[in-house]
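Order as written gives the chain letters A, B, C, D, E, F, G, H, I and J; numbering starts at 1 within each chain.
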Amino acid sequence: MATKPSKNLETFPNPNPERDYEINFEAPEFTCVCPMTGQPDFATIRIRYVPDQKCVELKSLKLYLWSFRDEGTFHETVTNRIADDLIRALDPRFIEVEGDFFVRGGIKTKVKVEHRK
Amino acid sequence: MATKPSKNLETFPNPNPERDYEINFEAPEFTCVCPMTGQPDFATIRIRYVPDQKCVELKSLKLYLWSFRDEGTFHETVTNRIADDLIRALDPRFIEVEGDFFVRGGIKTKVKVEHRK
Amino acid sequence: MATKPSKNLETFPNPNPERDYEINFEAPEFTCVCPMTGQPDFATIRIRYVPDQKCVELKSLKLYLWSFRDEGTFHETVTNRIADDLIRALDPRFIEVEGDFFVRGGIKTKVKVEHRK
Amino acid sequence: MATKPSKNLETFPNPNPERDYEINFEAPEFTCVCPMTGQPDFATIRIRYVPDQKCVELKSLKLYLWSFRDEGTFHETVTNRIADDLIRALDPRFIEVEGDFFVRGGIKTKVKVEHRK
Amino acid sequence: MATKPSKNLETFPNPNPERDYEINFEAPEFTCVCPMTGQPDFATIRIRYVPDQKCVELKSLKLYLWSFRDEGTFHETVTNRIADDLIRALDPRFIEVEGDFFVRGGIKTKVKVEHRK
Amino acid sequence: MATKPSKNLETFPNPNPERDYEINFEAPEFTCVCPMTGQPDFATIRIRYVPDQKCVELKSLKLYLWSFRDEGTFHETVTNRIADDLIRALDPRFIEVEGDFFVRGGIKTKVKVEHRK
Amino acid sequence: MATKPSKNLETFPNPNPERDYEINFEAPEFTCVCPMTGQPDFATIRIRYVPDQKCVELKSLKLYLWSFRDEGTFHETVTNRIADDLIRALDPRFIEVEGDFFVRGGIKTKVKVEHRK
Amino acid sequence: MATKPSKNLETFPNPNPERDYEINFEAPEFTCVCPMTGQPDFATIRIRYVPDQKCVELKSLKLYLWSFRDEGTFHETVTNRIADDLIRALDPRFIEVEGDFFVRGGIKTKVKVEHRK
Amino acid sequence: MATKPSKNLETFPNPNPERDYEINFEAPEFTCVCPMTGQPDFATIRIRYVPDQKCVELKSLKLYLWSFRDEGTFHETVTNRIADDLIRALDPRFIEVEGDFFVRGGIKTKVKVEHRK
Amino acid sequence: MATKPSKNLETFPNPNPERDYEINFEAPEFTCVCPMTGQPDFATIRIRYVPDQKCVELKSLKLYLWSFRDEGTFHETVTNRIADDLIRALDPRFIEVEGDFFVRGGIKTKVKVEHRK
C-alpha cells in the first residue's frame, strides 16, 4: 500500500457480518483549505459506523483524510463528502460523521451527518 | 455622572492612603476594532492595583472601557494605553493590566503590563 | 446579647495569648448599598487574623456585618472600614480582610487589606 | 480500655524516638456545644505531629474527642484546648491542630494552632 | 497586506518600549511535513516574549506559521527556526517558543526554546 | 423607568409567539428577611420559562427581586410568590422558579416550583 | 418558639396548596448514638418533599433533628422514624428521606425511604 | 455480641416492613485468599437491598466480611456466596451484591449479583 | 523464589550505583491486625527511595508486605518497621515510607517516615 | 531507515547547539518481560533532555523502544539502560528518563533517572 494521499478508501471483509457492532474513529489531524480565502482550515473528524459486509482499512483512511490537505471546500461540504465516500465504499448499516472545526471569525463550527441503511 | 462612553477616568480619595492594599477588577465585556481589518475584537481586561492618594470610580471605569468600542487599535497598544491612562489618573503605588483577547487567525493573544512607582 | 444589627464588635479574652495562632472567617452573606445609585451591592467577606489579647465573638461579628445592610459605601471604603473596626476592637497581631464583590457594570471587584502590628 | 468518653489521653512509647517522623489524624466526627446558645456545634479536627518519646493511642484519642460532646466552648478555646492537652500528654517535637467548623450565623470558621518544642 | 503564506514577519513599533511587558500567543493550527516520510505533522505553537523596539503583527504571524504547511522539517528544527526568525525580526528582550506536537509512532514530543537578550 | 425597588413586573411583547423557546435567569443577589427572627436571609433565584405573548423586562425583574429586601417571608412562600407574580404578569406556557437558600441552623434549603399552562 | 431539642415538628400552612412543588433540605449536622455500643454516630440527613396542606418550619426541623443527639437508634430505624414523623406532621403528597452515615467498622451505610400519598 | 470473625449474620426486625425502602453498604476493607496461588486478594464489597421482615446488624456484617480473610475462594464464588448468605439470613425483597476486586495479572474484575423475591 | 509471606527482603545489585535515581512503589493492598482489639486494619503503603548498592526485588517486597497480614501492630510501629527493614536490607541513600490507613473510630491516620544516609 | 526493532539510536545534528533548549517525549506504548516470571510488563516511558551536538531521531527512538519487547529485565535496569543508551548516543547536556510501570503483585512502580553533563 502506498503512503501518499489518496481518495481511494480500501476495505477488508467484515469478520462478523452476522452481528451488529460499532466502530469509532477520532482523527484530530485534519486540515483543508477555505474555498473563499484560500487559507487553511483545521478540524477533528469523528466517524462512528456499524459495518455490513465491509470495514475500512485504517491506513487507507489516514491517506484519505490527508488527501483533503490542499483542497478548497466548505465545512458542510467536506463533512458530507467524507460521509458519502464512506457510504459508497462500505455500504454500512449505520454511519455518523462529525466535523468539529476550529474557530473562524470568532465562531466555532460543528457539522454532523448521519446515514442509516 | 453621565452614562456615555468617555475617556475621562473619575477618581475618589483613597479612604486609607496610610495603608498598602490591593484592588482587583475583572472586565470580561471589552470590545474594540482591529486597525488592519476594521473587524471587532473582544477581550477580558484584568486590572490589579495598590492605590496611593486616589481610587478609580467603578462606573467611570465602565464608561472608560466602553469608550474603546469604535476605536481601531492593536492588542499591545490598547493594553498599554489602559495602563497609561490609569497611571496618569491614579498615580498608583503598583498596577498590573492584562488584556486577554479572543482567537484571531487561529491565534489566542494575551498582553500583560506592570508598573511600580 | 441582642439580635439586631450593630456596629458594636464584642470580644472575649484570647484563651491562649502566649501563642500565635490563626482564626479564619468566610461570610458569603454580606450586602450594602451603592453610594452612587442607591442600589444593593453583594459580597463575600473573608477575615484571617492572629489574635493578641482579644478574640471577636462570632454572633457579634454576624450582627456587625448585618449593620452595613442599609449603608451606602464604596467597595474600597467598606473593606477598609471592616479592617479598621476589627483592628480597633481586637488590636490583633495580624489581620487580612478581603471583600469579594459581585459584578457591577460588567466588572467584578475584589479589595484586599492587610495589617500587621 | 474503657469505651466511654474521657479526657484521659493514653499514650504508648514512640517506637522510633531517634527519628523525626510525622503522624496525621483527620477526625470529621467532632461535636461540642455553643457556650452562648447551648446549641450543638460540629467540626472536623485535623492533627499533625512529630512525636518525641510518646505517641497518642488512637482509641483513646477517639474517646477524648467524644468527651467534648456535651461541653460548651468557643471555637477558639476548644481548638487551643485540644492542642494543649495533646502537648501535655505527648510533649511532641511539633504539633498543629486545626478546627474546621460548620457555618453558624452565615459564617464559616477555621482555627489553626501550631506548637514547636 | 497580502493573505498568502509568507516567511516575512511584519512588525510595528512597540507602543511602550520604556516598559517591560509580556505578549503571549497560542496557535493550535500549525502543520508541517515530516522530512523522513513526507507525511503531515501537526502541533500547537506557543510564543511568549517581552518586546524591545518592535512587536510582531498578528496577521503576519498567522501567514508566517502557515508558510510551514508544505515544508519538511524535524520537530526540533522547526521550533528553533520559529524562535530564530522571531529573534531576527523583533530582537526581543526575552522570548520562549514551544512546539507541542501530536503523537507519532506512539510517542508525543514537545520542544521548548528560550532566548534572553 | 424608575430605579427603585418595585413589585411592578414590566413586560414586552414576545417577538416570536408562534414558536416555543426557553428563557433562563440566574439571580445570585437575592435577600429577604426571616419572618420568625427578623434576620436577613440570602438566596440564588433561578427562573426558566417558555413565553407565550409576553416577556419580562430584565431591569424590572431586577427591581422586583430587590423589592423583597426588607420583607419578612418564609423560603417556601417567597419562591411561590415569585412564581405567582411572574405567571400573572406573563401567562407563560411553562415556568420553573427555584429558590436556593444559604444555610440556616445547619440546614440548606431549596424550593422548586413548576407551572404549565 | 423555644430553642431546645424537641420532637415537636411545627408547621405552617402551605402557601400554595393548589400546586405541586418540591422542598429540599440537606442537614449535615446530625448525630445520634449507636444502640449496641453507646458510641456516637454521625450522618447527613437529606429530605425532599411535595407539601399538601402543611410545610415544616425550618427552625423546628433543626430542633427536631437535634433531639436525636442522645438517643440510641439503628441507622435504619432513625431514617424511617424521621420519615414517619414528617409524614404524620405534614401528610405530604410525596416525601423522600435519606440518612447518609459515616463509616463504622469499615462500612459506609446509606438508608433511603420514600412515601407517596 | 462477640468481636471475632463469624459466618453468623445477625438480624433485627425491620422497623418498617409495611414500606419498601433501600439500605446501602460500601465495605472497602475486604480481603480473602486466591484458591489457585494462596495469595491474598482485596476488594470493595457493595450491598444494596430492600428489607422484608429482617435487617442485617452492621457489626455482625463487619464480622461476616472479616470471616473470609483466610478463605481461599474465586472472585465469582465469594460474591455469590455473600449474596446467598444475605438472602438466607434476610429473605429480602431485593438485593444486589457487587465485588469490586483489585488488579490481578493486569486485569481488574467486578462481579455483580442481583436477586428479586 | 517462594510464594509465601516472608520477612526476607531479597535484593539485586543496583544496575547504576554511580548515579542517584529514584524508585517509587505504591501498594494499596496492605493489611495487618490492631494490637488492641485483634481486628484487621487496612492501609496503602507508599515507598520512595534512592538506592545505593542494592535494589529491593519487587516480588519479595510483595511477600514482605503480605507477611504483616496476621501481625498485631500499631500504625506508627508498622510504618517505622517497614522503613527499618528496608534500610537494613538496602542501606539506601534516601528513603521515605508512608502508611495511609483506613478510618478507625471515625479517625483517618497517616504516618510518614523519612531517612537520609 | 528500516522498520524493525533495533537497539541502534540514530541521531541528527542539533540544529541550534549554541542554545540550551528542552525536548520532551512521552511513550505510553512500552512493553518488556519480567526476568523472574517471563510474563509481559507494561510501562509509559518519559524522556526529557537538553541536546548538545546531537538529537535523537523520532522513528529510531520508536524502533529502539520496540526492541525491548522480548527482553527480560528489571524495572530499575531497563530505565537505567534507556538512560545510558541515550547518554551514549547523544551525550546530552541534561537528560531525565522515567519508567512508569503498571501494577504487579498489587504494587505500582516508578523509576526516575537523571543525568547532567
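Assorted remarks:
The rule we apply is simple: a residue touches a chain if its C-beta (ideal position, glycine included) is under 8 Å from a C-beta of that chain, and two chains touch if they have at least 3 such contacts.
Predicted, not measured: the structure shown is a model, and the values here were computed from it.
Graph distance from chain D to chain E, where chains that touch are one step apart, equals 3. To find the repeat of B-E among G-H, D-F or G-I, check which pair has over half of the same contact pairs by residue number; it is G-H.
Counted by C-beta pairs in contact, the busier of G-I and E-J is E-J. Simply put, chain B must spin 60° to overlay its Cα atoms on chain E, rounded in steps of 5.
Between chain D and chain H the centroid-to-centroid distance comes to 35 Å (mean Cα coordinates, whole Å). Averaging C-alpha coordinates per chain places the centre of chain A 49 Å away from that of chain H. The mean-CA centres of chain E and chain F are about 52 angstrom from one another, to the nearest whole unit. In chain F, the residues that touch at least two other chains are 37, 42, 102, 106. The complete set of chain-chain contacts reads A-B, A-E, B-C, B-E, C-D, C-F, D-F, D-G, D-I, E-J, F-G, G-H, G-I, H-I, H-J, I-J. Considering their complex, residues 3-4, 28-29, 31, 37-40, 42, 66, 69, 102 of chain C touch chain F. On the chain J side of its complex with chain E, the touching residues are 1, 12, 14-16, 19-29, 51, 55, 57-59, 61-62, 65. Within the complex formed with chain I, the residues of chain G that make contact are 42, 102-103, 106.
The touching residues of chain B, when paired with chain E in their complex, are 36-37, 74-77, 79-81, 83-84, 104-115.
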